[in-house]
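Okay, so chain A shows up in both of these, paired with chain B first and chain C after.
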Partner chain A sequence: MSGESNGAPAGAPNAASTAVDSTKKASAPSNAAAPPANPEKLTPAQLKAKAKAEKAARRAQVKEARAAAAAAAPAPQEKGAAAADGKGGKPKGKQDGQSLAVPRASVSGRRPSMHRVLEKEKEQDVRPNVLECFSHVPTAKRIPLSQAHKDVHPAVLAVGQMMATYALNDSIARLKAMLLAFKKVIESYETPKGSSLSRHFVPHVLNPQIEYLTECRPMCFAMGNAIRLLKGKINKFDIDTPENEAKEALLEWVDFVINERISLAEYAIALNAAESIHEGDTILTYGRHRLVERALLKAKELGKFFDVIVIDDHFERDGQNLATTLCKAGIHVLYSPNLGGLRPKVAAASNVFLGGEGIFANGSMNARSGTADVAMAAANAGVKVMVLCESINFDRDRVSVDSMTYNEVDPERNTPDFFRVLYDNTHDKYISGVMTEFESGGGSSPAQAILALLRKQEDPLIA
Partner chain B sequence: MLRRVALPSFSSASFFTSIVMAADGPSSSAPRAEPSTQQQLPVRSAPSSSAAANNASAQPDHGSSFDIVRTYRELLNSDRELTMGVAAIESLIELLRVTPSSTAMELVEIVKKEKAKLLASTPNPLPLLAGADLFEQYLLRSLRGPTAAPGAGSSGQDRVLSFDETRQHLVDNKDLFAERAKAARDHIALWGSRYVSDGCVVLAMGGSRTVTKILLRAAADPSKHFRVIYVVDGHNRRSDVAVAELREAGLEVETISPHKIAYVLGNQKRINLVLVGTEVVMQNGGIVSGMGTAQLAHLAKTVKGGMRRFYVAAETHKICRRTPIAYPMVNRVGVRQKDISKFDMIGVDPDPDAVVVPEDEEVDYTDPELIDGIITEQGVKMTSQIWEMVDDYI
Partner chain C sequence: MAPSQAGHVPTLDNLIKSFNDLPLEASMDSLIFLLKRRQIKGDDCAKATAHFLRHVVAKSKWTSVNHLIEQVRSYGTRLAQAAPLEPVIGNVVRRVLGLIRDEAAEDRNADDVASETASDIQDIQSLAPGAPPPQPLQRATTASPVRPTLGSITSGLLVSNSMFNLLSVAEPLGSPLTGASTPMSSALHASVHALRSEVMDGIEEILDEINQADDQIAGFADIQIHPGDYVLAYQPTKTVERFLIKAASKRRFTLLLAGLQVPDPSAEPPYAALRKRLAAAGVQTINLASNGLMAYIPRVNKVIFGAKAVYQNGGLLVDSGCCVAAQAAHEYLKPVIALCPVYKFTPEDPSNEVVRGELGDPSSYVSYANGPAVDLLDIENTVTDYIPPELVDVYLTNLGPQTRHHLASILADHYKTEDIAFSLQFDEDS
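Moving on to the complex of A and B:
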């Protein structure tokens, strides 16, 4: 189960794609062994793999049907549903865990003989007629409560539902909700006889929660990082640590992370960004990001006079709220409902402040789709682009050069004709500086240096 | 957010640590601390007398009449090879010496105050800020760090000195700073000379001592034959000196005026290296250097014809912990220089008393994206690597 932390957007296997994942897994080794040229001449290994894949698909289908029946059944039959789920739950969880570890490259190496299975699976896909080249892009999915794994804690269930419905959207909001839910999980945890928390908690209690959350919606980087840190923390406990002591320490640690990496970080970044705003500046921003909003309000609080240009996301219209808030605070705001006329607006700005959802190890920023357009226009106009982002959102393993590798499909705009993705990828050359909680006095670090930043600022108290 | 940070070994802090460690040997009297280095390096001879004279005058008053600005200016004038940052560091150490040791915190406060005084005395405080910041960081670090028990034995690199020890070492080894800084320049010359290739032409500008060293070092290599085009404007005397020095060493140097840069870059296909020095490297890898540097960098990037790269030679103690992010860049980071965009000097004679940079010392900002690399004594760095060399311990 090492895949969770770095499988975030990659994972997200919903119930329907379980079958694909297992076929993928089955086909991966045989693909590596033989070139995928001739579907007729199958080696014994390939035949075996094929049989295995078909079996897995059949099993998934049966399970699907059973689950559907269970979901359709009203409350009186809940017991039966739970039983069915309990039966199907264990192997399913295991499969998901494995599928997370499956190399994604195998998607491109599908054999023609797999098509039958794939088509069958495609019919079950919630997304109608998604082109195969985009089939790897996951989408958030509401999982009926009855289908959830029986070990999932109610608090986590609630968080999962909120994430799936985008009630919790922003990476830090999701991180915080997840950590608070994990606190509940830790509180209610009791180590079974003959086991210890450091050995038992992660595989038997924590992992089902994580799997469930991942199924609801692909994890963001911050959640992956927090889970990695949490697991590291748990592993460090001595096997003889009394349960209460360990639980106490864990709860304290979670609070510490929330304080340091979320609350304090937000304050520090907002202050730093506010300090870098000068009298008479014009700040341009895209959509609504909590850090940018806080920074602008903070700058106003510090008594600075400046204008703001809010470019809004045409689909989300979050920027309206930002514009309203800023207006109420007495800041002059120019609001643009979409990216139209971007170039003159960007050229008129003295700085562009963007909020990032996450930053990859190579310095590319993952952010609300449309951000890259603004950043590119700004770089073109010679306006410096500052990215505001907490360091918990940094990914130390993955790199990204395009927008489609790690992304999510907007479930509300997903028709046979088009679909919209939620994020895009801003190349590091369009980012002039990243403001993290480690900077002060208006400083920033280059986007390419985020690995160095992680190395330099590795906090012994957290990691 | 206060964090104890385990610094990477290549941090600019090593500049200090190495100095302190050098003197941590059996004989802690300064000049003999590291005889081997001393022999290799050009030892600063002249200033020791003037500094001594200065010390003598400052000593009896216990710092009450100590004028850091005057000390700084004297130091700077005493040695042509001294950079402003190192002069700032040395004058702050001088301050340490004349200030009676009270509590550590009080000393830090005094240093802060004097630093501010020093910065206010010059319209372009950035070079001083880089040095003074480095010094202050070192002081804070040694103050907050766990102090080693005295007499615990100077074992290994990671022994942390107590505050009094640190102070004493700094005072004892004041001159080592200048020597180390010069040694750094020699290292830069070594790294930089590899970028000068045989049969090519180097375009240089600004009269930097480091650039001169690089070119002389490259010229010492018999397998390399290269020529130099030096951009010389009428009033920068330092570039005249540099050209004279290069010609004296037997290099073929052609001088051009700044308005010919684009023409020369477009027509001289053999130019493959553009080399400048700088007084300050900003945290993001950009440089604030003499007016015209940015123009040269832009032209080196955009004028078609030939492959050429723009390198900056700078010691790591020139790294300044500031990032310019909005226009006018240099004014935003604290240089008091005429801001043309304000149009407030139209038809008015400039106020002669205002502390602004005189026109021939004005600076501009070169963006990191125009710079291919920064040649430091710790190797040739990409601009994004500068950030990790900054020693930020606040």
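Moving on to the complex of A and C:
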């Protein structure tokens, strides 16, 4: 290679062969030859040198970016160390040990970013503070982009990061983001020669995406259902279906799911729940759930007069936003920042509206932590507990009677000082009725009837 | 209260010391201020009240038992009004009233023995209409008889004192009930003096009981907590902390702490001192950053918390959110253990106000910088909860574990029927 470039200035005789070589090399950066005004004037050797220089520049850039990332990485760690210092005693020693290890790594190792990543992972795996009885509960992980599988689509990468950081938290928000990202994946998919979309897409393209998303954060039921539906749809394509036709059909189907199962469902549930509110009712709700919020606003829109009691979790404080929103819409709201005085408050309500993240096959509801306490208090006080939930959130396979069967640990509160799980399990005996998009006119179905409900509607989830 | 004042908040000890120097009215006022500002809360209320009543007995001028009772009652009423949601104040006042009645009755009995004149007996009976000489224990009679042996605990040790009186007091004490003062004979003087010291001794004993209650309750720790238990403690009070530490010295269990406030990043993590001591004893603790407890209860073997007061029906006055823990535990059939020293037993039924809960300062939950939100919202920060009796399994008192069916007899042992109406009286006043 070096001999060739040395020989190149000599000129014509071997120009042809080097030209071929250099174009091959330069083909990657397609615009390599573009900037010069008249490429013909450049000798092939010059071209080659230029390409090389450009490649080197790109490498340097990548290196720089890595270095920057490495520089950025210590920041949060230092923060952690500072916080640990405040806590005193034990954690300090541990952090000290780490900070000693870090410089060594960056001196000896060529790729400090990787080292840090590994260290961080180790730290996370150990989780010394979590009681053994909670150690099985998974938690969201921030997987650095550099560690993701190479086949993961950029759109999915972004969604994964947002899920891991709880920028997308709600089950439906996560479902929607995932479906939109999958649309991008489908659009950019090209069937390799000799195979067909129906055979190749799922194992080689879709599965890595799904694995990555699951690693970022355990999937919610809605995502699992949507993936099952999508795979079913793909499997139904004939082997001979032309690629374009199949892609077109898939994209259309994804849009259909978003419209029917998300947008329309949300509208139908909100309308139904709003219709079930009577004049002068007092509706109690816990935290902030988009369906409850929409339902209450809808009821106000329908001209109903009612009061709302918002009970909040003072570790999350979402409910305060809901309370403010409702107030601005002209609804009288009583806001309680914690579960204090829950019994009298629940007893004063005529109806409790709760939003569910998912419902198990046995009718138990998976919802944000604290919902079960409110539901139980209401049920004991003889107040109706209505659960608002899209049917895409129903799980037909899993059964849970215990909050620790399927749950997630809050990664932010997984320290020696604080522990929190995100969800809890509301037994179906506390639920008076579930409102899905299938009911109307203020009706609801019993929580235990989920499977029957899905079957009755000839839902593809069951079939 | 403005945070800047925090440094100037007088502690209970300072306050009690100041009682010695201040006139009665002045110490009364300072105590009332502290109660109203909630700078004295919970167990401290009981101590402060007892100390204060001791000074009332010592310093105020009284000539007869009736007069003393009247004074204690009126001071007590003012204290109780200052903190209507601290029933322990009323309890201590009732105890002191009962103590005075007991002492007076004993004196009279002694007198009876000494001089068996009918007129004396008449005198005595009219003097303290509600407290005739010992009768068999019966609570339901309308004549409001008193438990005779009732002094068993508080005045039991005073018997010897009254024996001295038996010799020293030649004349029956106080004659007039109408309040018309009689010339004070030297003998009467002596009897007042004796009564004063006896009552003060009795109050000392009540104070001892209050101070020792936590330790006595902690003595039952290893009976209630077993090795390998998962114990959920809701907002552990001093009583509960002592109980847990004692348990940790004998048992290896796992503790979940619930009902925490949102952590202030600059402040020390909650219950750091307690956790350190427990960790030293080999007990693992974890703070639950969660409002709802249903998710954790299936893991938990028992729920423990301290009560602010126990009502006649067995209901509990507790810190806010505690009811959620009790309710969840009850739902999963996990034992709910309430630690409640006997002086917290209140011979009343919970008022509506108690059941609804006391409202506290919401500023830690809603930022007042956010004006529009504050204007719009109706915010209720409930700081106390009421737990109905059916959710409580064990009342762990300093006399041992009790069930709610036995509470009536504890109340009967500690309060006199005529004092039970104490709170009603202040309701009328207010």
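Here, the second predicted complex is superposed on the first by the 329 of 463 C-alpha atoms of A that agree within 3 Å, B and C clash if a C-alpha of one lies under 4 Å from a C-alpha of the other, contacts with A are read in each partner's own complex, and residues count from 1 in each chain.
Everything that follows uses one rule, which is that a contact is a pair of C-beta atoms (placed from the backbone, for glycine too) under 8 Å apart; a residue touches a chain by one contact, two chains touch by 3 or more.
All values derive from a computational prediction rather than experimental measurement.
Asker: Overlaying the two complexes on chain A, which is it for chain B and chain C: clash or fit?
Answerer: Aligned on chain A, chain B and chain C fit with no clash.
Asker: Who contacts more of chain A, chain B or chain C?
Answerer: C
Asker: Check the residue A:N169 against both partner chains and state whether it touches chain B (first), chain C (second), both, or neither.
Answerer: A:N169: touches no partner chain.
Asker: Identify the partner contact of A:S350: answer first if only chain B is touched, second if only chain C is, both if each is, neither if none is.
Answerer: Touch partner of A:S350: chain B, not chain C.
Asker: Please work out whether A:T371 is in contact with chain B alone, chain C alone, both, or neither, and reply first, second, both or neither.
Answerer: second
Asker: Rounded to whole Å, what minimum CA distance do you find between chain B and chain C in the overlaid structures?
Answerer: Minimum C-alpha separation, chain B to chain C: 16 Å.
Asker: Same chain A residues contacting chain B and chain C, which ones?
Answerer: The overlap between the chain B and chain C interfaces on chain A is empty, containing no residue.
Asker: List the residues on chain A that touch chain B in their complex, please.
Answerer: Against chain B, chain A makes touches at 264, 268, 276, 278, 281, 350-351, 384, 386, 429, 432-433, 437-438, 440-449, 452-453, 455-460.
Asker: Please name which positions on chain C make contact with chain A in the complex.
Answerer: That would be residues 230, 254, 260-263, 265-266, 269-270, 276, 284, 286-296, 298-299, 320-321, 323-324, 327-328, 331, 355-357, 362, 365-366, 372-373, 376-386, 388 of chain C.
Asker: Inside the complex, what are the residues of chain B that reach chain A?
Answerer: 1, 3-8, 283-285, 321-323, 325-327, 332, 368-369, 382-385, 387-388, 392, 394
Asker: Could you list, by residue number, the parts of chain A that touch chain C in their complex?
Answerer: Those in contact with chain C are residues 83, 86-87, 89, 129-131, 133-134, 312-315, 317, 320, 323-324, 327-328, 332-345, 369-374, 376-377, 380, 402-404, 407, 410, 413, 416-421, 423-426.
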